[in-house]
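Here it is, the structure, as C-alpha cells.
Labels A, B, C and D are assigned to the chains in the order they are written; within every chain, residues are numbered from 1.
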Amino acid sequence: MSLFKSIAVRVAQGTQYIKDPRRADPVGFRGRLAVGAAECSTGCDACVAACPTGAITLNPVRVDLGRCVSCGDCVPVCPSARLSFTNDFRLACTDRDGLILSAERPAPDPVKVSEALHRRFGRSLKLRSVSAGGCSGCELEVNALGNVNFDIGRYGIDIVASPRHADGLVLTGPITRNMAEPLQVCWDAMPEPKLVIAVGACAISGSPFEGADTLERGFLERFRPTLYVPGCPPHPLTFICGILDLLGIPS
Amino acid sequence: MNTSDLLILCAAGMLVTGYLMVGQKALFTTIRLFGIQSLLLGVVAATIAVTESRHELFLTAGITVAMKAVLIPWFLMRIIDRIGINREIEPFLNVPVSLLVCLGLTVVGYRVSTGFPEGAQGVRHHLIGVALSMLLIGMFLMVTRKKAITQILALLTVENAVFLVAVGVTPGMPLVVELGVAFDVIVAVLVLGVLVQRLVARFESMDVSRLSQLKG
Amino acid sequence: MNAFLLMDVGVPAAVVIRLVAVAVTLVLARRVTASRYVALGGSILASILTVAVAISVLIGGSSADGLLFRHSASGIALSYSVTPLSAWFLMVLGLIAIPTAIYSMAYFAHSVAPARTAFVGSAFNVMLGAVELVFTASDVIMFLFAWELMTLATATLVATEHEQRTSRRAAYLYLVMSHVGTGCLLGGFLVLSAAAGSASFPSMLAGNVLHGLTRDGVFLLFFLGFAVKAGIVPFHVWLPEAHPAAPSSVSALMSSVLITAGVYGLFRVCAFGLGVPALGWGLTLSALGTVSAIMGVLYALTQTDLKRLLAYSTIENAGIMALGLGASMLAMTDSHPALATLAAAASLAHVLNHAVFKGLLFLGAGSVVMGTGTRQLEQFGGLLRRMPWTGLFFLVGSMSIAGLPLLNGFISEWLTFQALLLGFHTTPGFSRLNYPLSGALLALTSALAAACFVKVFGISFLALPRSPAAAEAHESPRAMLAPQAFLAASCVGLGLFPGVVLNGLSSVLASLPGLQPSSLMSWGGLEMASPSQFDHVIPAMFGMALLGGLLAAGLLSTRTRFAIRREPTWGCGGELSARTEYTASAFSKPLVMVFQAIYRPTRQVETLAQVSPYFTQEVRYRSEMEPTFERYVYGPLLRAVLGVANGMKVLQAGSLHAYIGYVLALAVGLMLLVWWRG
Amino acid sequence: MIPTILEGVRAFGLAILQAVLMLTLAPLLKTLIKMMKARLQNRQGPPLLQGYYDLAKLFRKEAVRSETASWVFVAGPRVYFAAAVSATALIPVLISAAPLEVAGGILLLVGTLALGRFALATAALDTGSAFGGMGSSRDMTIAALAEPALMLGLFTSALAAGTLNLGALVRHALAQGVTFHPSDVLAFAGLFIIVIAETGRVPVDNPATHLELTMIHEAMLLEYSGPDLALVEWASAVKELLYLTLLVDLFMPFGMATGTAPLALVVSLLAWAFKVFVLAIAVTATESMNAKLRLFRVPELVSISLGLAFLALTIRFL
C-alpha cells in the first residue's frame, strides 16, 4: 500500500533536478557585481567607504569577488551608479586574481578544462568538506549540492565520510587558529592525487576577518586551491558549474 | 502453480500477516496488515468458489473484502486519526519473545490439525493448521497487547481464522448466517470503536488495563 | 621396540616413569632447575609412551589389556584396558600434554615460585598419570581411585597461588563440586556392579545389566557425575573459577583435556555402557548441551579477564560435544546406526579439535600474561607489535575456535551440522523439530564465538597499548613459542586433512556398540562426506580457490604507482590515544543489550560536574552481569543444605552417652529388622 | 569422491570464469540499485558505469595507512576479497553446477563469508579508531543475530532437496521442473530479510550515511583508502550479487543451462540477469520505503525472519 502511495507522490512531484546547471537562471540571485563604464565623480570614495570587507579599490574601480560578501551596500551609495548586481552565477575561477573585476574585465575568465584533472577525476570525484571556522552559510550550500535540485551525484561527484576516501578537500570558513591543525591533518589523511577547493569569500580571502590574529591561513600559502568558488555564500550552481568546467564534464 | 498451492499460499500469507501484527508496534501498519489478511481470506473464498463451483462463496468473498479489507480498516484508521494515538507503547512481552511464542503456537496448531478427520494432509491440513495457529495467535495478541485497537484487531483475526475453517473445510454455511456474522462483526467494531473513544475521553489513553479502575 | 612389547608394557611403563619422575623431583626439590627438568622430562617421556600405545591401538583396532597391580591376599586387582575409545582420549591427552610440558619448562621457570617448582612439577605428573589411568581403567576400583587422584592433583594445582583468596576459594569450590559428582558416580557404580555381580567394566558395561526405571536412575547418577567434570551447564560454576586460577599451562591441560575425562565418562558409561539409550537421555544431553553452548559463549563474550573468558568458551565447546553425543543417542534410540555413528564421530572429532585450539589459546594466554603481568583485556592492546609470534598463533587459534573454514574448528562444526540435519531428514514424526532448532542455536553459537574472538584478538593484540604493562610487553622464549607453533600447525593440518582424523576414528566407532562405521562415510585424507550424498567437503581444494582469490587481490592492489604512506589514524582531526579506543566491554555492549534478558546487567552512571550539568568533569560508569546460576540455583541449594545441617545439630549433643545411645539404638533397630524379616 | 586432475583443472577453469563474471557485473548491480533509488527520490542518479569509474580511480590512487596499523590491517581487505571471490565458486550461476561443488556446499559457503567478515572486523580494530571498533562490534552483532535465521532458511530449501550441496540442489529443482510449494514464499521472505541485513541495506544499515555514529559496515572502512578501499568495495558488491544469486538459485532456478551449449548459456545469462534485476528492484523498494531501524530494533526484524523460516519448515515437513 505504502508502495503505491509513494509512487503516486513521486509521479505527482515530477522531476525536480535542474536539467542543465550551466543554463540555469536563478531569478533574484544576487550574483556577480557588475562595474559600469561611466566615470567616477572626482574624489568620490563612497563605495570603498561603504564596503565592509575592502573588496573595492579605486582608480580604476576594482571589485574583488574573493572578498565581496554581496551585502549590496555599495550599490546605492555610488553617485554615478556604476555598481549593480546581476544574477550571473558562473563566477568560479582557477586563479585568485581572476576574481578581481573591473570595467575592462566585467566577468571572471571562464574556468579552463585541465586535461590532467579530467583524466583523473572526470568520471569520479569524492569530496571531503572541512568547515574551518565557517558560519555554516557555505556549509549549508555545500550540503545543498546533493539535494534533489542540484543532484551533483549524477556527475559522479559525492561528499564522502572520511578523508581517506576523498579526492578533493572542500574548504569553507576563514581557517581559525583552532581549525588550522585539523585542516592540515585532514589534508595529510587524503591519498594522492588530491586537490583543494576554496568555497566562499572567507575561505578565499578571509574577507571580513582578513588580517585578524585569530586566523591562521598558512595552509593556503602551502597549498594553492585548484578552484575558487566566490560568494557569501556561493550559489550551489556556482560550485557545480565551476567543477564541471574544471573537469570538463558535459552537463 | 495450481489452485491448491494458491490456497495454501494465501493461508500461509494470512498467518504471516498474523506474525507481522505481533511484530508491529505502529497501529496504522497493524490495521493495514489486517486489511491484507482479510483480502487474502477473500481470495481463498473466491478460489474455493471457483474450484468447487460453490457460487454463493463469491458473495461471501465480496462481503469479506468489502467489510474487513476496506470498511473496518478505514473506520479504525479514522478513530486513530481522531484520538491521535498511533503506537503500542508497552506490550507486556517484547517483540522477539512474543514472536518466538507465536512460533510455538504455530507448532501446536499444526500438531492439532493433523488429528482432524477431514484429510489430515494436503490443502485442508494446511488450512486447518493455519486457522488454528491464527486462532491462538489472535488470542495471544489479545492477551499481550494493551491498546483497545489492537484488541479489536486481535478479535477480528480470530474471527478470520474461524471464517477460514468455515469456508475452506466445512461444506459452507447458509448465507443468512454469513450475513449475520458480518453484521455482528460490524456492530462489534462500532461498539468497540465507541468504547475506545470513551476510554480516551475518560483516561486520556486507550490502555485497556486501565479499565480495572472502573470496578466499584 | 616392537608394537607387541609396546602394547604389553606401554601403560605400566608410563605409570612407573611418572612415579620415578615424581620421586626424583621431590628429592631434588632444593635444586629448582634440575627438579623442573626431571619432572617435565619424565612427563614428556611417559606421554610419548602412552601416545604410542594409543596410536598402535587405534591402528590395530584391538584393545591392549593388562594388570597393573594385584593384592593377592584380598584378591583386588587393578587392571587396565586400552580400548579404542580410551586410545582416542589418550592420544588427545598426549597430543596436548607433550607441547604443554615443553612449554612449561620455560614457563614454570618464569612464573612459578622456585620454592614450589618441585611441588607443581610432581602435581603436574600426578594429574596426567591420573587422567591416563581414568582413560584406561577397566574396573571400578581403579577408575574411582584414578578419578579421585585426578581431582586432588588438579585441586592442588588450582591452589598453587594459595596466598590469594580467589585461588583458595576456586580450589575449594572445585573440590566440593567434584566430590558431589564423585558421590553420584559411586552410587551409580555400586548399583551397577551389584547388579552385574562384578567390578570390571566389560561385564558391568555390557549394556544388559539394568532395565527399566533403575536404568534411568543410574543414568541420571552417572550423567550428574560426569557432567560436573565436563562443565555442562548448570554444573559448570566451578570451571570459570578453577581454570584461570591454575598456572596457564596447567589451565591449558585442564580446559583441553581434563573436561574430556567427563566426556569420556559420558561416552563410556552413559551412551554406550547402559544399553540402547532411552529417548529422554538423548534429549537431556542435547538440550543441556545446547544450553551450555549458548550460555558458555554468551558469558565468554562479556568477560574482560582473558583466562576466564577462555574458560567460559570451554563450557561452550563441552556443550557442543554433549550436543553431538546427544544426537547420537537419539539416533540410537530410533535405531539409525549410520546417523548415530556420524553424530558420535562429530562429538569425538570435536574432542580432538577443541583440545588442540583451546590448548593453543591457553598457552598463548600464558605468554601474554607472562609478557604483560596482567590478565585484564582492557590492559592489553598493541601486543602484536611486541609479541608477533604469540599474536600470530593466537590469531590462528581464534579463527579456529570461531569455526572458520580451512581450520579444524570448522570440521567438527560441519560434522555436527551434518548430524543434526540428517537427523531431521531421517527422523519421522513431530520430534524431528528439535534438530533444526538446535541447529539454529548451534549456528548462533558459532557466530557469537566469532564475535567473541574478534573481540579478544582485536582488543588485546591490535591498535595502541592501553597500559604501560602492554607497552613494555616482551615476547616469550622459543621454548614457549615452539609448542604454540606446533598446535597452530595442527589446527591448520587437521582443518585441511579432516579425513585423517575420521580414519583414526573409524576403529573407535567400530568398537562402540550400536554403530556401523562401514556405512559411515566415504572419507579419504582430504575429504569428508556424509551418507547418501547429503553433503561433501574438500577443504584443501577450497583452500586453493582462496589462495587464488588472495593472489588476485595482491595483483589488483599493486596497480597504483604511489608508494604506501603512513599517517596518523583519522579521528576527525582530533588526537588519537589509547583512551579513545574501543574497549572490550564496549565491543560486547550491543550483544549485552540484545540478550539482557539473560545477562540482567546492572549499570550505574554517575556524572561529576562542577560548573553546570552540561560541562561534566568526569563520568564514572560501572556495569556488571548478574551471576544467574550462582544466585538462582546454587544460592537456594546452599541455604537448604545449611538449614538441614543446622537441624542435624540437635542430634550432636556432645555427650559421650548420647553417642553410645545412638549406637545402641541402631543395633537394636538392626536386630529388630532381622527378627522381623526372619 | 576426490576429483581427478583433469576434473580439478576443469573445475578451477570454470570457477575462474564464473568469478570473473561475478566480479564484472557486481559494480553494475550496486550502481543500478543506487540509480533506481535516486530515481525514486526524483533525482537522476549516477551513470550506470559509476561503480567501475570509482573502482578504476581508487585502484590508481595512493594507499594511506594508519601509523598504528599492523599487517592485520593490510590483510583484512585482501582476505575479505578472497573470501567473497572464492565463495562465488560454490554457487551455480549460469550452469546448474557450482564449479567447485565437490569442494563443499552451503555450510562451506556460509563459513567462507564468515571468514571474510572475521577478517574485516578484526582489521577494523587495528587502527585504534573508535569508529572502526564501533563498526566491527555492530557488524559482528548483526551477523550473529542473522546467522540462525539464515541457516534455518537455507536448511528449509536444502532439506526439501535432500542435499546441502547447492549444485545438486539446483539440479534437483530443475529436474522437478516448475514446482511450487507455499513454504518457498515464506522461506524466501525470511531469507530476503537476512540478505538485506547481511548486505548492509536499509532498514538495518544505511550504505549512504555520512554520520559515523549511524554506520555499521561503512564504519569499518573509514580508514581504508585507494586500492585497499577498492578491494573492500568490490568484494562487498560481489557479496551482494552473491546473495541475490543465492536467492535465485534456491527459489527460481528456471532457465538455467544444464550444459555448456552456447545458446543455452546465453538464455541462462539473460534469465539470471532478469531475475537478479527483479530482486534488485525489490531491494531498492525496501531501501526507499523504510527508515533505518535503531540498532536495538534489528533483533525484532531478524526474529520475524526467523519466524518465517521456521514456519516454512513447519509447512514443508509437517
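We adopt the following convention: a residue touches a chain if its C-beta (ideal position, glycine included) is under 8 Å from a C-beta of that chain, and two chains touch if they have at least 3 such contacts.
None of these values were measured; they are calculated from a predicted model.
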item	value
Label of the chain whose CA centroid is most distant from the centroid of chain B	A
Per-chain Cα centre nearest the global Cα centre, belonging to chain	D
Top chain pair, ranked by number of contacting C-beta pairs	C-D
Chain A-chain C separation of Cα centroids, rounded to whole Å	67
Cα-centroid distance, chain A relative to chain D, in whole angstrom	41
Distance between chain centroids, defined by C-alpha means - chain A, chain B (Å)	60
Centre-of-Cα separation between chain D and chain C, whole angstrom	36
Chain A residues counted as touching two or more neighbouring chains	162, 164, 189, 191-192
Chain B residues counted as touching two or more neighbouring chains	107, 111
Numbers and ranges of chain D residues touching at least 2 other chains	60-64, 212, 222-223, 226, 299, 306, 310, 314, 318
Footprint of chain D on chain C - complex, ascending	381-382, 384-385, 395, 399, 402-406, 410, 413-414, 417-418, 421, 424-425, 430, 432-433, 436, 439-441, 443-444, 446-448, 450-451, 454-455, 457-459, 461-464, 522, 524, 526-527, 529, 532-539, 541-542, 544-550, 552-554, 556-572, 576, 578, 580-582, 586-591, 593-594
Chain D residues touching chain B - in the complex, by the definition given at the top	180-183, 185-186, 189, 299-300, 303-304, 306-308, 310-311, 314-315, 318
Residues of chain D that touch chain A when the two form their complex	38, 40-47, 49-50, 53-54, 56-57, 60-64, 209-212, 215, 218, 221-226, 229, 285, 288-289
Partner chain D, residues of chain B touching it in the complex	1, 5, 8-9, 11-13, 15-16, 19-20, 23, 95-96, 99-100, 102-103, 106-107, 110-111, 114, 126, 129
Interface residues, chain A side, partner chain C - complex	162-164, 181-183, 185-186, 188-189, 191-192
